[in-house]
Amino acid sequence: MNTETKDIPSVDTHANQALLSVESLTCVRSDIPLFSNLSFSLGKSQSLRILGPNGSGKTTLIRTMAGIHKPAMGQVHWNIGQQGSRGFASKPKIAYIGHTTGIRGELTAIENLEFHARINGNLSGISPTECLEKMNVAHCSKLPCIRLSAGQRQRVALSRLSLNQYDLWLLDEPATSLDDQGIDLLLDLAGHHLNAGGIIIYCSHQSIHYGLKHDREIDLRNFKEQPPQC
Amino acid sequence: MLIAIIKRDLRCVSHDLSGTIQPIGFFLIITSLFPLAVTPDPESLQDIAPGIIWISALLATLLALDTLFKEDFIDGTMDQMFIAASSLYVIALARIISHWLFSGLPLIVMSLVIAMMLHIPAHAIDALIVSLLLGTPTLSMVGSIGAALTVGLRYSGVLLTLITLPLYIPILIFGASCISADLVGLPWTGQAYLMGAMLVLSITLAPFATAAALRVNMS
Amino acid sequence: MAELLDMGGHGFYIWTSYAVVFAVLAYGFAAPVRRHRQLVDEIAEHQKSAR
Amino acid sequence: MTSHYTGSKNHTPTPGQTRSFRIWFHRFGSSSYFYHMASRWGPRAGWLALILMVTGVYMGLFVAPPDYQMGDSYRIIFIHVPSAWMSLSVYVLMAVSSAIGLIWKMKVSFCVSRACAPIGAAFTFCALVTGSLWGKPTWGTYWIWDARLTSELVLLFLYVGYMALDKAIPDRNTASRATAVLALVGLVNIPIIHYSVEWWNTLHQGSTVFRMDGPSIDARMLVPLLITTVAMNLYFVSVLFNRVRCELLDLERRTQWVRKIVNG
Amino acid sequence: MLIAIIKRDLRCVSHDLSGTIQPIGFFLIITSLFPLAVTPDPESLQDIAPGIIWISALLATLLALDTLFKEDFIDGTMDQMFIAASSLYVIALARIISHWLFSGLPLIVMSLVIAMMLHIPAHAIDALIVSLLLGTPTLSMVGSIGAALTVGLRYSGVLLTLITLPLYIPILIFGASCISADLVGLPWTGQAYLMGAMLVLSITLAPFATAAALRVNMS
Amino acid sequence: MNTETKDIPSVDTHANQALLSVESLTCVRSDIPLFSNLSFSLGKSQSLRILGPNGSGKTTLIRTMAGIHKPAMGQVHWNIGQQGSRGFASKPKIAYIGHTTGIRGELTAIENLEFHARINGNLSGISPTECLEKMNVAHCSKLPCIRLSAGQRQRVALSRLSLNQYDLWLLDEPATSLDDQGIDLLLDLAGHHLNAGGIIIYCSHQSIHYGLKHDREIDLRNFKEQPPQC
């Protein structure tokens, strides 16, 4: 199904800087295309915000970028190897925070983070407690997560972002249930990530702009072929 | 990855000793249902004992099957594992192993006690243990396919049983006949070899089928 | 005639099994035919309202 | 001949196509091609099935002589055995087309396997009912835990499980791929189930038709049996085509060729 | 309120016919496990038939028990029902009834076919049906208490079984002995009265106990 | 546990106008008091916003108001019978939209609303489809809710508010995953509810103020006895 366009350089990019390029992506849900022919590319330290009303396909796009959802057409392409500085392995490291956070209620925050560290094959790096401290939830680390408040749980989920040197952050409404302090902490983390050369793709109905130079926006309404029929 | 998932499962279920004791109590109580419902007479009990043990094994497998992947699916853990591993095969295998650790293994541990309660003579214990060792992993393997197929559905208990039980019938037949052959002094290696063959077949195929089924259900 | 129906004492078994089989087969044939007709109507309806 | 419909998979028909397997395969993969083919052949198979069935049943019930052992009760054979055979072969077809669907991502073959399930289940049901009605006069009981019978019952469960799973999953795509996995797993298991049950307990008739030394059955009994068997096969083809037509219409209701059919 | 909850449960499980057929297939397959594992011989089968039927009933009850309240708890429906009704009693009762509709009732419907397959003679059918009618609602009632107690726990399958099964033992004993008494021509009204008494007792107490357990688990 | 203060008129209220009064409420989680001695009262058409950082007890307070959580001390008191105009039955009608929405994934939006209408004993009133239209999700009403996007699901949940003439709305971060249009529609509904004499208590980290005259605020930080220990 995938159209083979790997070799053609995409048009709207900063040529050899592009680390991640998406080419003529079309996503379909229940046989109705949500958006079609979406192309963009991102280089080091760039962040992209996806805009669109409820049900326009933001979550679907993010999950497609993560490889969970399969696109009907088009492809996501990583320029691996060209960026020696970031030391890419054969596959990019992706962090995804979605509507469901992937935090287990029975386990404590620490245990949850340890599990995530382990499945990402990184135990040597920064410790779970430090990650929790960065989101200021270290004081809750001994409670099973089901007994945390919604915002505390979201903070635990976001702490995962510090676990590893991820190449790409995919954040689907990361500010859900966060208070102002939480959002500030998140913006801090995001700033550091971008400075270190990472990429961020996020969507949020709240106006948290990361205030970064390469911030770009895509409005999914511009890529819709027909009126939504749900 | 594999170890991480198994470790987490162990931790979720048994934060303390009581979690570990539960499956053992479970088998004791399940096996004691049969003498109560059928007959307390030692001789008839011995006749039906192989069937009882194998049906208990099936039961234990089924009861834990529904939540094998569902929890992970609902709370988003499956997404995380998939992104980290890019291979559903490892995830499937890990969950199968931890499923067996909680359903098959405790039964094998308990089988000596159960054998005594059901008046199975000492000379048949080896067939009992060998058949359980070969059969219960197969149950977990085959069951995981059904669990993966129904993972997207909420009320899947009955459907899951309906899909899985027909596939369990060969294991049930050979497992029970292994023990009953030994009870009456007949050779039981034939059945054991067949069970071994089924185990090998399911080890090679089931994790792939499970992974494929999981992939289908990930949207 | 009665002898024919009786089939040497086995009439009940023979006739019920033939009846069951043909009932099932007839239903099995009719169901998709009816569904096809309904589908065509439904799609035509949908297209009219879409225009 | 293919020029007047544009399929969702647009194969470009060239005049004087080479009749290679690839093209044939591709054509079958095209929904509109399959639909039109099914529309043409479905009714024909249906009529032929009806004629053969009436002939076969007439010969079986009124022309064939009574069996010297079972008397007249054996006349159930003319529907029992064809249904039993069909129940197995339909499952194999279902699994094979599921595999094709999974491997080559062909919608049409998913539709075929989805259409097979209810027909196969119906045949299995018929075999069970006629078998147990036959069992009463011959074995003295409607049901007995014999190998053949048990594995036929298990086959019914496999079909029911397939259909239940198909119904339960709301998304069409997901459902057809999930059921395809189930059908394949079931296919691997059918021989295992068959032999395990066979070995466990057997009472049922051995093979009487397919034997190395030729059929051990009177020709006047064999002929109607063969006729009804052919009739059942044709019936299956006819119903299958009708069902696949419905599936295709439902699935591709937004495409051009469906619009043409509906309006034309 | 009661009707609303039951109606919704029916709709969740059976958007169409197939949902209704599932429990029926379930019982057929569960029953067929026993001849396969124990013995296909009609006479021995008839001896153990009462036990088989009652253990199947237990099984069906157990499999559906885990999700009895848990789904509602996790997705917030329990909060909504509680606010609307201010009475957990009605909620408990409604869920018990719909649980029985999916586990007990199909078994009773299927019992004639199952009786035939297990070679239970026609004269024992009345005891079979009466005992199921009296016993299966009791199973649902008692089970609901266990389900309510473990509602806050995720991996509760084994624990739930461990809590519930001991309470089921009297029903199992009397239910099975009802049928086996009738099989050998002994009177079985005594057992039936006792089962009736247990039913009345559980109707009066179980919904209250369930409601209390739910209240404890609502934070 | 409840302190008996029913007869003492509370201090900081508009005397006889108060419809709902909360008196010296203390809520405890895992033996640690979240807030104590919280008192307020609300009259017709008044709305209250609860402020506080993550984990300060907003959700706990709202669930206490709904009767789900039991307070350690104090009580919630309704002046029933005094407000003939609203025609109170013996018990106030409460709508609660929490972090978990109470929407069943297997059922369609319509079926979900029908269920909620029925358990609230009101089928004669406004139809489920109309309610969905008010939140602009009527076009999704035939899909099982599990297949809706997060925002669409939240809209379905909020549609419940129109089902009945509730006395009190308890909204726990109602704007979660809503886009701007969704928030506007919600504010509309809230305005109508207040105009009809209803009460709203809500919390939200986003600054959606309902812009209504009687809007009041409570900051839970002011009612905390000791620093948070989780």
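Order as written gives the chain letters A, B, C, D, E and F; numbering starts at 1 within each chain.
We take it that contacts are C-beta pairs under 8 Å (C-beta built on N, C-alpha and C of every residue); 3 or more make two chains touch, one makes a residue touch a chain.
These figures come from a predicted structure and were not determined experimentally.
**Student:** Count the C-beta pairs in contact for every pair of chains, then give the pair with the highest total.
**Tutor:** Highest contact count belongs to chains B-E.
**Student:** If you list every residue number at the subunit B and subunit E contact, are more than half found on both copies (same) or fewer than half (different)?
**Tutor:** same
**Student:** Through what angle, between 0 and 180°, must subunit A be rotated so its C-alpha atoms fit those of subunit F, rounded to a multiple of 5?
**Tutor:** Between subunit A and subunit F the superposing rotation measures out at 180 degrees.
**Student:** Measuring centre to centre with CA averages, how many angstrom lie between subunit B and subunit E?
**Tutor:** Here the centre of subunit E sits 23 Å away from the centre of subunit B.
**Student:** Report, in whole Å, the distance between the mean C-alpha point of subunit D and the mean C-alpha point of subunit F.
**Tutor:** 58
**Student:** Need the CA-centroid distance for the pair subunit A / subunit D, whole Å please.
**Tutor:** Those two chain centres are 48 Å apart.
**Student:** Hey, how far is the Cα centre of subunit E from the one of subunit F, in Å?
**Tutor:** 38
**Student:** Two or more other chains in contact with one residue: find those residues in subunit E.
**Tutor:** Within subunit E, the residues that touch at least two other chains are 12, 22, 25, 29, 36, 154-155.
**Student:** Multi-chain contacts only, two chains or more: what residues does subunit D have there?
**Tutor:** 154, 157, 160-161, 164, 168, 171, 197, 200
**Student:** Which parts of subunit A, given as residue numbers and ranges, touch two or more other chains?
**Tutor:** 30, 99, 105-106
**Student:** Of all residues in subunit A, which touch subunit B in the complex?
**Tutor:** 63, 66-69, 91, 94, 96, 98-107, 111, 115-116, 118-121
**Student:** For the complex, give me every residue of subunit E touching subunit F.
**Tutor:** 1, 3-5, 7-8, 11-12, 15, 74-77, 79-86, 218-219
**Student:** Hey, which residues of subunit F end up touching subunit A in the complex?
**Tutor:** Touching subunit A from subunit F are residues 29-30, 52-55, 59, 99, 139-140, 143, 147-152, 155, 173, 176-182, 205-206, 228-230.
**Student:** Can you tell me which positions in subunit E touch subunit A when the two form their complex?
**Tutor:** So the residues of subunit E touching subunit A come out as 154-155.
**Student:** Could you please specify the touching residues of subunit D with respect to subunit B in the complex?
**Tutor:** Against subunit B, the touching part of subunit D is residues 102, 154, 157-158, 160-161, 164-165, 168-169, 171, 174, 177-178, 181-182, 184-186, 188-189, 192-193, 196-197, 200.
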